[in-house]
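What follows is a set of structures to go through.
Below are two complexes that have chain A in common, paired first with chain B and then with chain C.
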Partner chain A sequence: MKPPRWFRWRPAAIVLGLAVALALLPPVARISVYTQNQLTLTFVTIAAALAWNWLGGYLGQVSFGHAALFGLGGFVAARLQISAHLPMILAWTAGGLVAGLYALAWGHPTLRLRGPYFSIATIGVGEATRLVCTYWDWFTGGSSGMSLPVTAGLKLQLYWYGIAIALVGVATSYWLRRSPLGMALLAIKSDVDAAGDVGISSVRLQDGVLFLSGLAMGICGAFNASYYSFIEPVETLGFEKSISFVFMGVIGGVGTILGPALGAVVFVLVRQYFIASYPQLYLGLFGVLLVLVILFEPLGLTGLSLRVARRFGYRERPDLST
Partner chain B sequence: MIEHLLDLTVSAFLLAGLYATMAYGLGLIYGVLRVVNLNHGGMIMAGAYAAWWAHDQFGLDPYLSIPIILVLAFLVGVLTYAGLVRRLPRGAAGGVQSLLLLFGVWLILRNAAYLVFSGNDQTVLTSYSTKALPFLGAQISVNRLAVFGVALVTLGALHLFLTRTYVGKAIRAVAQNPESCTLAGVPVQRIYMLTFGLGTALASLAGALATGLYAFNPGFGATELLKSFVVVVLGGLGSVAGTAVAALILALVENFSILVIPSYLTSAVGFVLLVLVLVLRPGGLFGQRVLG
Partner chain C sequence: MRSLNLLFALLFAQAAPAADKIVIGATLPLTGSESRIGGFYKEGYDLAFEEANKKGGLDVGGKKMRAELLLLDDTSAQATAASLADRLINSDKVQFLLGTYSSHLVEAQSVVAEQSGIPYVNGGGGAIDIYKRGFKWLFGLLAPVQNLSGALMEWIDSQEKAGKLPKPSRVAVLWENTAHGKDFRQGVQDFVGKHRGDYLIEVDESFELNGKDFGALLGKVKNARVDLFLADAHLPDYITMQRQYATMGLCHKVQSYGARGSEKQAAEALGKENVKYILSSVWWNAQLGKAGITKHFVDLFKARYGRAPEWYQAVAYETARALFLGIEQAGSLDHEKVREKLAALQVESILPGGKLSFPAQSGQQAIYPFVVQQNQPDGSSPIVWPKESAASPGVAPNPDCK
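Right, the complex of A and B next:
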């Protein structure tokens, strides 16, 4: 069987190798529980950052409200596990599906229009979702949240699931960028009219990507709830959560394939440091970072590394950047 | 019941003044520069804090501090444009970048306000804060009336400025076609700068006016940004009359929604309205008109 044309052996081997190495870390290298937990969180953050990028980067529809999808997935999955005793994976899937459909409900009308309507709407969706979820305590447990069942060995299990989720996220990112479909998305981002002229249905494709992004986001949120065995609306659905995904994308490089994954890793590390050292300056410092990146290196770390590589004589293939 | 309805209607009319003011700033910048000023929320918040601070420190009446706030905010807007927005590319890529950039500025402002003024809710209490006038059996708070008056004067002045003065006409011309303006000798960059300053000043004016009606904290402005956007979408770009009618519709829908839905959902009302309009009439209720 021939692999599809967008498939490349080298990056696939590198990513898979990395995943296997990471998967073997806990049993072989006996890393500390702390490191293991940090890694678990990083994996799921990577998947979430990539999911944000499918919309914000590939289509240029920046979302300031992805926490709503993240949180909704978490709440649905948590409620199903608590009230219906659904197995974890099934509950995650259900959470993801609900989040994806929810994204379509408000995204479909706003994505049809050109310009920033979608982005602005996401600010409202984020706020409204947080408010509604805080008040619907029969569903979400209100501001005191709700606790999920804890089973023995769950954390190690989640570590491996986390790797799997991140892996699927990376593969989807490659597929959404390199396949003919990815070319269509790029066309839509550059010029909706021209894309329409060559027979690309922007409405259907944008909706499709939105659903995928919501699905992945919901699953990540559900995973997060399982990881903490707890979920509450204030932090899960907060404004800061939403913009953390924006930061990861911008730091790593909006619209690049793996940039947001790198951005997620950097974000997790930097955030730990900021929160510990300058809790009051945290948002502002990220704001400064955002302004600087956009002004001087809009492709973030990916752009920076390309620039360095170019200095040493590396010539990238033209479709790698932007 | 009738009195209650009358109360809601009157307060919606008065609230619409504030909504129109804050929406006009956003619409002006978007109409001329095609940039959504996400820092709009930040400047609303900054305007509110400026009015509060002047009152708290010097006992200056919020309505008297408005001219100073307007000038300062205008300068902030000019600097934001000249220092930041101007450096971005135009077109599709610039759209995303300007969103992110101005969002960053908003975060910085928010954090600065949090550091300086703490995260506590603040209110401006004046001698007339609780005074009300009787009107057709309803009670109208003096503050609401004053806010409405200032908004009316501002919008009227803006309308005259945009339609009757040379610079105003230049702004409208640039909104229609920047390239032709360059050919005709209009200093487009300077018009952009001026427009950004004006829009920012309007945002801070709305913030200063809002101190008479609401408590606020550094996060203030997010819902206001959204409401402004709803009004801009409803009313079409830049038409003063369209903006006023759209602001009135939003205020009426919000006020009357209290009768049918729980109060914590009222902030979602504007959003539902936005989606409805986008689906049913993407060009706004009155079609797209360019400033005037």
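Right, the complex of A and C next:
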């Protein structure tokens, strides 16, 4: 069977090779537990940043409420593991599906809005979800949240699951960007009315992408709850969490395939470093970084790396610009 | 992949602990909503470490070892508290952990210690849910919050029996929507359940932690015309709520914010007039320091900081001292041996009751009596309950209420 025309073997082989190498790190290279844990967090953050980018980058619908999907997936998965004793992976899947459906429930009407109006609506959704979860005591545990059982050896398992989730995130990003579907999304982003005139069903496609984004966000939230063996609504569903996804996209390059993944790596490393050494500075630093990127390099780290590559004579093919 | 480890080590790690010192890790909320209390706990920790090192360090199997505190700021955030505990254990390689402050942060952070199998002694988590999880490495010095509201109700009951409060008294219970708040509410409900006919709960409402506006909630209390205003709040919420309470011109025969009320910072922020007769039930009071090790602690604190300690510093000091005693009794830095000694600890303590242990039946949460204190117009907060420790009988009803 021939692969589709948009598929490229070289990047696929590079990403797969990198994933295999990362998977072999703990048993072969004996990385420290701390390094392993930081990498695990980085993998799941990469997947979440990419999931945000499918909506914010590919469709141009910037969401400030994605923490609602991240948190809801986490709470559903945690509750199913605690009360129904569902195996972890099944609980994650259920959490993802609920988050995807929840995204559709508020997204279907609000996606008719464009630009800042959609973004403002998502702020409302995020805050409302946080408040409901804070007071939905029997389900979420209230402000204190819920503890999941502590399992020996879980962190190592999560490391590998994290790689798999990030890999699926990258593959989905590639597919959404390069396939004919991706072209349709670009058309919607450029001009939704014109896209409709050439036969693209913007409602169906936008709903589909939002569901996919919610599903992935929910799974990431569920993963996060398992990683910490704990979940609570104030931080998991907070505005700061939603902003962090936007930040990763902007730093890495909104609308690009791997940009948000780079943004996620920077975010995790910088945050971990500054929060321990200069906790009062890290938010300010992120703010400065954001302003600099928006002013001087709108395509973020991706744009910067392309500029550097061009200096060294690299000429990208027209369809590889991002 | 040494280079990867090296990158993370360069970014995050401290030097490995020297053989002649014990590095103990801790996080506290030094910034964020709980920063004031975090600062108080730091004072207690610092004092305990200074005292231990002045004696040449801890006696570990006949060898004196200096105790060093590696303290990080968890910014009052749960995920950060958990992440930093991971860093302290797995990157900085601390040998033991002291806990952060406030139940919701301890609940999240203690998971990391449990996963890593490292003794975690905390003086910041009083909610019983934290200790119901069957954790082996977790030890708590704050007695259950349920007993806190129970102690408040005992004093109130003594006033009612003396004919100073109406029978039945109408009660408003306002509780923060956390495990801490739920335990407080449970304590009141249990007491009222045992004294049927003496109390009527007319308002039973929760509120969000770190709230900005309690106007609607206080309006409900105003309309209910209750006699007893019993709230459970952390310091920032106490200050916000009491400010709005005073602005609305509310006054109740008895008013309490659980463990808050006597803090000097609150009196400065709200004005002495607005914190008069507030009742608080706390884990310690400096008036207990008339003799023995409690007096020693009070004197030491006054010499170091030039003022009397509050319960926060006392509990933090005792938390560090409990860990030190566990290490010294184990005569080793082996985690399992220290854990066993902590689990079996039975020592003289500065806490009310004078004894400290971590009973297995309470999930290794210390159990001891609370002391109830009441703010007076002169700015003091004498103990009013239990009777044997009381410096004043207390005032009820509030004479300022018209």
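As a convention for this text, the second predicted complex is superposed on the first by the 318 of 322 C-alpha atoms of A that agree within 3 Å, B and C clash if a C-alpha of one lies under 4 Å from a C-alpha of the other, contacts with A are read in each partner's own complex, and residues count from 1 in each chain.
The criterion applied here is as follows: a contact is a pair of C-beta atoms (placed from the backbone, for glycine too) under 8 Å apart; a residue touches a chain by one contact, two chains touch by 3 or more.
Given the structure is predicted, the values throughout are model-derived calculations rather than measurements.
Q: First (chain B), second (chain C), both or neither: which does A:90 touch?
A: neither
Q: Looking at the overlay, does A:275 come into contact with chain B only (first), chain C only (second), both, or neither?
A: In the superposed model, A:275 contacts chain C only, not chain B.
Q: Does chain B (first) or chain C (second) touch A:194, or do both, or does neither?
A: neither
Q: For A:35 in the superposed arrangement: first (chain B), second (chain C), both or neither?
A: Touch status of A:35: second partner only.
Q: Check whether A:230 is in contact with chain B, with chain C, with both or with neither, and answer first, second, both or neither.
A: Only chain C is touched by A:230; chain B is not.
Q: Applying the document's definition of touch, where does A:135 land relative to chain B and chain C: first, second, both, or neither?
A: A:135 contacts both chain B and chain C.
Q: Identify the partner contact of A:155: answer first if only chain B is touched, second if only chain C is, both if each is, neither if none is.
A: Only chain C; A:155 stays clear of chain B.
Q: For A:298, using the defined touch cut-off, is the partner it touches chain B, chain C, both, or neither? Pick first, second, both or neither.
A: Touch partner of A:298: chain B, not chain C.
Q: Can you give me the overlap between the chain B contact set and the chain C contact set on chain A?
A: 131, 135, 280
Q: Using the touch definition from the top, list the residues of chain A that touch chain B in their complex.
A: 56, 60, 62, 64, 106, 109-110, 112-113, 115-117, 119-121, 123-125, 127-128, 131-132, 135, 189-191, 239, 243, 246, 250, 254, 280-291, 294-295, 298
Q: In the complex, go through chain B and note every residue touching chain A.
A: Going through chain B, the ones touching chain A are 34, 36, 84, 87-88, 92-93, 95-97, 99-101, 103-108, 110-112, 114-115, 219, 222-223, 225-226, 229, 233, 262, 264-265, 267-268, 270-271, 274-275, 278-279, 282.
Q: If we count contacts the way the header does, which residues on chain C are in touch with chain A in the complex?
A: Checking each residue of chain C against chain A gives 1-2, 4-5, 8-9, 11-13, 30-31, 72-73, 75, 77-80, 82-84, 86-87, 90-91, 103-104, 107-108, 111, 114-115, 127, 129, 133, 135, 176-180, 182, 206, 208-210.
Q: Can you tell me which positions in chain A touch chain C when the two form their complex?
A: The touching residues are 25, 28-29, 31-35, 37-38, 131, 134-135, 137, 141-145, 147, 150, 152, 154-155, 228-230, 232, 234-236, 269, 272-273, 275-276, 279-280.
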